[in-house]
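Chain naming follows the written order as A, B, C and D, and within any one chain the residues start at number 1.
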Amino acid sequence: MSEYILKIKCADEKGLIYRISDIVFKNRLNIQTNNEFVDKQNKMFFMRAELSGELNESEFCGTLEAVLPSGAVVSCAKKTKKDIIILATKESHCLGDLLIKFDSGELNANIVAVIANHEILKSLVERFNIPFEFVSAEGLSREAHEEAVLNVMSKYSFKYAVLAKYMRILTPNFVAHYPNQIINIHHSFLPAFIGANPYKQAYERGVKIIGATAHFVNENLDEGPIITQDVINVNHEMSWQDMQRAGRACEKNVLAKALDLALEDRLFINENKVVIF
Amino acid sequence: MSEYILKIKCADEKGLIYRISDIVFKNRLNIQTNNEFVDKQNKMFFMRAELSGELNESEFCGTLEAVLPSGAVVSCAKKTKKDIIILATKESHCLGDLLIKFDSGELNANIVAVIANHEILKSLVERFNIPFEFVSAEGLSREAHEEAVLNVMSKYSFKYAVLAKYMRILTPNFVAHYPNQIINIHHSFLPAFIGANPYKQAYERGVKIIGATAHFVNENLDEGPIITQDVINVNHEMSWQDMQRAGRACEKNVLAKALDLALEDRLFINENKVVIF
Amino acid sequence: MSEYILKIKCADEKGLIYRISDIVFKNRLNIQTNNEFVDKQNKMFFMRAELSGELNESEFCGTLEAVLPSGAVVSCAKKTKKDIIILATKESHCLGDLLIKFDSGELNANIVAVIANHEILKSLVERFNIPFEFVSAEGLSREAHEEAVLNVMSKYSFKYAVLAKYMRILTPNFVAHYPNQIINIHHSFLPAFIGANPYKQAYERGVKIIGATAHFVNENLDEGPIITQDVINVNHEMSWQDMQRAGRACEKNVLAKALDLALEDRLFINENKVVIF
Amino acid sequence: MSEYILKIKCADEKGLIYRISDIVFKNRLNIQTNNEFVDKQNKMFFMRAELSGELNESEFCGTLEAVLPSGAVVSCAKKTKKDIIILATKESHCLGDLLIKFDSGELNANIVAVIANHEILKSLVERFNIPFEFVSAEGLSREAHEEAVLNVMSKYSFKYAVLAKYMRILTPNFVAHYPNQIINIHHSFLPAFIGANPYKQAYERGVKIIGATAHFVNENLDEGPIITQDVINVNHEMSWQDMQRAGRACEKNVLAKALDLALEDRLFINENKVVIF
């Protein structure tokens, strides 16, 4: 028996679960887990189910689409490790966390390559037998550098691009190449402290908690749909550098958790929000 | 259109959701929210749905039971405020929290009475126009006191009995009168620090977090199914009395949250665990 | 033997602790606890000590000031319950939490009065034998209403004014009457979601954590020095009203904790930040 | 100017701070930060200060000891990176976290070697140019294996031995070789779930939070002085393997935080508790 993950997103209407479970039942599939959510404001229906049994993916999706409202987005795929690509700059805490998990087999993904705009992480990455692609931004316009990065990315096949402290602002053009596929970690609890050096901003505001936010990247800086967030306590004794150091554990955990959810197909983008099952 | 909450607990087998959603659909009911869970270890199926439409509760449950495995527990009831009774001793923080919420209409329940083994809370309770029943334990055996309390309880109709820091150990006989209906707040993160004065135990062990646990009461002290837990940080400067003071906010929040879940019919007892939707 | 709290804030220089402890020792006082902090950026020294023994407060402060840099702010007072006044509007969760604690003697303060711009809380407050002062804002300009409130406040003596969900924006003129004495609870983790209906803002942004912030009030809305903050998790199933309901527990705990710290003389305002011992 | 950390632990008596600050002042040292704590129950005084200036460490300690109660433990040393040794078994999450930090220079320590009772981590460790010492336990009694491990340890100089998921129970004899120098991570919030497979224990008890505890190791299993603890939420959908996976992030953060505190000389062992500055 194989295991599949079924995801459905469509306009809400009466009888959806009945129609879907009818088809699941007639295909002699077992529902291992099942989650549904109706966004009443936007009248949208979301469902994720883990199924066991045997099915032909495209045929099964077609049968479902036939009974669902037009415009329904249906996907069904065997549970497998996905391919991801990582973009980084100089800091190793988020990247290193993923490398260690990858190395032990705990990460539910294959890391196909790491791209960076500095060379400092090269040695670390190559120790894990992962291709390291250095794309210097020096002397290049933002657009020219992105072109070079996109060029490298196009050599690889991947489901998600993970920005593991990639300290470059992306243009809408770049993002448009990988819609809903880029996951970023921002080092503040958004929407507080958008932009540069959030730890310094937090220090100057005198906050008592700092945090991190993992989100899908869209065309507006730090405004994409939020996946996960967490915070840690800080106090008056801490400089902004102390906050930065303390914040790193938060950053890597938040990114790792968001990525785990993505890799298990638990996320739906719903306008500018994320539905998580 | 009315709103109902449907709860189903039964042995797991293929096609349950199909059969249930078929009946829901044929009764022209709208599923507002829907949660399912399969306990694979015990092969049990749990489901909670919020339905809107019109139905005859007992007829509807009967129709469902007819297509479900034998032994299925099905309940369906209109969304309404439930009646609760509160047992307390001397401390007012958990009780007071419920009184304030009751008074503002925020509590999803009617408090039919407060029973206490001390008189100190009488003035507070009566200010909220709630009957206060003083049942002194003085000079009574545990059994005789419980008999007196049960006697008072039998005058009232209620869905849940809430032990809001009721500092008496209950006998299995007492508990048997209200199976799965008694919710207690224990002032530690169970299973640590079972029994008397957990804050003192925590102080003496030198822990860096303390907590609180809301649980259903069964025949074994502090071993009933856990509903909610939370913790707070403590440090070396704190005496056990400081921990006790700090822990009160945790206790009242944990109890309030557990009670909210119970009042919205979100809890299923599954052996010694609680399934929460 | 009496117990005193000594607070010192002055420009930092070498030998401060030596000079202070010399005077403490010569006055035969016992240091029960002692905390110091040097803000290196602003070159400021902060100290709080709990002393036991016998002393003349003003004489003792004078002796200390004589050896400290000019401009030193020194206070020393016996540990006692402080007087506070509460301002509220319609919601009872923060107010009620303080009333319950006051009633049990747990609150380290006397509540001298509650002032509100609506009458809805009158019955609750009066049940606790606390004067309720209704100052309607109807038909009044902001300035005229504040004048009326200030008029009522001037009848009472108090150390802190606690805004327990007082839903009126204060003018700088109002705040100037009670500098560093007004403590507010804002229903978001500042600086996110400044202004009106932060829960709706949070819902619309799709955040996964919401929070609350207690802060001293200064002339800029929601920009005063932050005392305490905390957060809770939210999810895609929650409407903004659900977030508001869930956030109330967070709000009342954050305000209560900030007030406890203020009442124990643990706070120093340091520019736009708060040093907490 | 150099930077030193001064630590003092002695019987409490009047005038200690005066006497200490007198000597600090006369040595023309600047106090950068200063923390004191008096354990009133045990009448013990604890102090940690960061000093800048120039001093002769042993002379300075001697001068202080001369004015402190007999039995005072005084240490003063320049701020430097300490040497640590790591013991591990098969899991790489805690070890890997330290390796990544070490590699980036963020860890305030040099890792002199990793000792393991399995060979699986060899490749990972050697990629970081750190000696890996494999000491198989196969066919050996507990005592014989410990003898072999102690033998390897004796080749290295280190301040702390970090048990990064070293899944061997230590005998009192082993621990006695490194009193107050061994830091362990236990995968539960102690004192709950002492012993083997705490995640399975947690799953079976049906708790709603799980956690991790870093502690100094003493002769009693899982009963040493606790340094740091943290928890994460779990739910009914999680198997004990899910809890184990989720708990790993908690484990590595808790261990890393405890180690940071130890490396900055912020810990004092006070009977079976830890004072943290």
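We adopt the following convention: contacts are C-beta pairs under 8 Å (C-beta built on N, C-alpha and C of every residue); 3 or more make two chains touch, one makes a residue touch a chain.
This is a predicted model, so every value here is computed, not measured.
Engineer: Walk from chain B over to chain C along touching chains and report the minimum step count.
Structural biologist: 1
Engineer: Which of the two pairs, A-D or B-D, is linked by more C-beta contacts?
Structural biologist: Most contacts of the two pairs: B-D.
Engineer: With touch defined as above, tell me whether chain A and chain C contact each other through largely the same residue numbers, more than half shared, or through different ones.
Structural biologist: same
Engineer: Tell me, please, which chain's centre (mean of its C-alpha atoms) is farthest from the centre of chain C?
Structural biologist: The most remote chain is A.
Engineer: Would you mind pulling out the distance in Å between where the CA atoms of chain A average out and where those of chain D do?
Structural biologist: 35
Engineer: Based only on mean CA positions, could you tell me how far chain B sits from chain D in angstrom?
Structural biologist: Distance between chain centres: 41 Å.
Engineer: Do you know which chain A residues sit against two or more other chains?
Structural biologist: Chain A, residues with two or more chain partners: 33, 37, 237.
Engineer: Contact residues on chain D for chain A in the complex?
Structural biologist: 33, 91-93, 96-97, 99-101, 103-104, 106, 124, 127-128, 237, 245, 248-249, 253, 256-257
Engineer: Quick one: which bits of chain B touch chain D in the complex? Just the residue numbers, please.
Structural biologist: 37, 39, 189-193, 205-209, 211, 225-231, 235-237, 270, 272-276
Engineer: Spell out the residues on chain A that touch chain B in their complex, using ranges where they run on.
Structural biologist: Against chain B, the touching part of chain A is residues 14-15, 17-18, 21-22, 24-25, 28, 30-38, 40, 233.
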